[in-house]
Amino acid sequence: MKQELQPYIRKAHYYETDRMRVIHHSNYIRWFEEARVDYLDKIGLPYAKLEETGILIPVLAVNCEYLSPVIFDEQVLVTVKMTNFTGVKMTIDYEIKGASSGILKVRGQSRHCFADASLKPIRLKRDFPDIYSGFERFLEV
Amino acid sequence: MKQELQPYIRKAHYYETDRMRVIHHSNYIRWFEEARVDYLDKIGLPYAKLEETGILIPVLAVNCEYLSPVIFDEQVLVTVKMTNFTGVKMTIDYEIKGASSGILKVRGQSRHCFADASLKPIRLKRDFPDIYSGFERFLEV
Amino acid sequence: MKQELQPYIRKAHYYETDRMRVIHHSNYIRWFEEARVDYLDKIGLPYAKLEETGILIPVLAVNCEYLSPVIFDEQVLVTVKMTNFTGVKMTIDYEIKGASSGILKVRGQSRHCFADASLKPIRLKRDFPDIYSGFERFLEV
Amino acid sequence: MKQELQPYIRKAHYYETDRMRVIHHSNYIRWFEEARVDYLDKIGLPYAKLEETGILIPVLAVNCEYLSPVIFDEQVLVTVKMTNFTGVKMTIDYEIKGASSGILKVRGQSRHCFADASLKPIRLKRDFPDIYSGFERFLEV
């Protein structure tokens, strides 16, 4: 049975704003990464540990829709869902909402593969079966 | 007849690398922006001037595919194409290639609307017909 | 009597690392800013509120000494001290320590003035006496 | 006799601005790095090559004074001077000026050591005498 994971909580920093007086759109891609790292912690597969084990998770693609601006010092909640996982590739979906307003600000997705230190693809099911299972139980479809 | 515009030339900076020893994926979104600003210069509609006129071009969505890593100090060429333009919305396509290798590194797209200083949508055809024409002649379909 | 304020807690993000596999030195300047904003919250003078009141706090100078590298996912504590305050200018000192190791990683300082929305200097004692007092009681000398 | 090196030319990017509508102060530290890398190219010691040879140049300290803001799309010239060099340590001075206005915007300095891949200090004079000489002839005192 899937556990309900808490969203990642984040405050928008001053240096992330731009002269439109809102958070620059490139930063949400970074917030996705922060939330993804936090998610891996929460499912018991901390990214720093995975890297030590020789597993990198490069990004193959991202997309991001900007629905409503986030402003300086605003607190947001980032919800993370693994919506595809094969042990060779993985897809993560993100939603960023205003913590107090509940307004949906940003929606996006990142696609990944699993790779070794030289960025060669690896197959978790064959090479790291325990880690494969660790991921698989959190797949939401 | 459409003029052939030169691609935007860029070197990868040290602070843009990450511990995978390649350019962090979030930075390409920023290179798209640099290339877009350069493109607007080249088509005679510099963004700083547009903002003075009261025209902002917020980003509605981006997507980005990472095909091959860019490393520190590597020179890349960013090709920019306006593939949709209605005066209300605009779509820009990007390709980042290694300057010496010719290898396709990154491919992406950004979608925009036109807005006034308070981020309210505007219609270029009605409100700024000259600027509308300035854009339209560079539309590539 | 001065209250002991809690340090600002922060985890190092993946996108903040560089190809030396440690946090890029420019990011600590940003962590100083985050810690400064957090400090202003803690002393009851949130920066977003100050800006609404018409008070900006631009940076006049920073310096930063790098003693020991911070790595990805490491947790750090940033201690903030206001070591000079005249109502016209302000100096803030920072120390970044490893949260578990206690090792001093980075030491620095930022100097500021107070300015209005057009970046003209202002004098807090004359123009905003309550805010002047709010700052002054946290001066540590 | 010392050759006069050309300054590094740079345009301020949109994503480098903040909600004060000027370039965020942390970015000048990054421009210093860009200018330093460009300088090393110009004196015939490209940083990527140095790293391949096993020589890293970590930053020990930076300081930066903000005299006048740089705005979006403004072109600046960064002048770089090596003001101290012992083969163990090095100091670089920077000045950022508006390209058309000539106004001094930012002044700063970075201090460095030379290190191997594991960040252990090295002595260029003993370990890399040719590279030592390559640096030394550009020392300006």
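Going by the order they are written in, the chains are A, B, C and D; count residues from 1 in each one.
Everything that follows uses one rule, which is that a residue touches a chain if its C-beta (ideal position, glycine included) is under 8 Å from a C-beta of that chain, and two chains touch if they have at least 3 such contacts.
As the structure is a prediction and not an experimental result, all values here were calculated from the model.
Q: Have a look at B-D versus A-B and report the one with more C-beta pairs in contact.
A: Most C-beta pairs in contact, of the two: A-B.
Q: Centre-to-centre on C-alpha atoms, which chain is most distant from subunit C?
A: B
Q: Measure off the straight-line distance from the CA centroid of subunit B to the CA centroid of subunit C, and report it in whole Å.
A: About 35 Å, centre to centre.
Q: Counting in whole Å, what is the centre-to-centre distance of subunit B and subunit D, each centre being its mean C-alpha position?
A: Computed value for the inter-centroid distance: 28 Å.
Q: CA centre of subunit A versus CA centre of subunit B: separation in Å?
A: The answer is 25 Å.
Q: What positions in subunit B touch 2 or more of the other chains?
A: 14-15, 22, 26, 30, 33, 72
Q: Using the touch rule from the top, collect the residues of subunit B that touch subunit A in their complex.
A: 20, 22, 25-27, 29-30, 33, 56, 58-66, 69, 119
Q: Give every residue of subunit C touching subunit B within the complex, in rising order.
A: Going through subunit C, the ones touching subunit B are 14-15, 17-19, 21-22, 24, 26, 72.
Q: With touch defined as at the start, can you tell me which subunit B residues reach subunit D in the complex?
A: That would be residues 13-15, 30, 33-34, 37, 46-48, 72-73 of subunit B.
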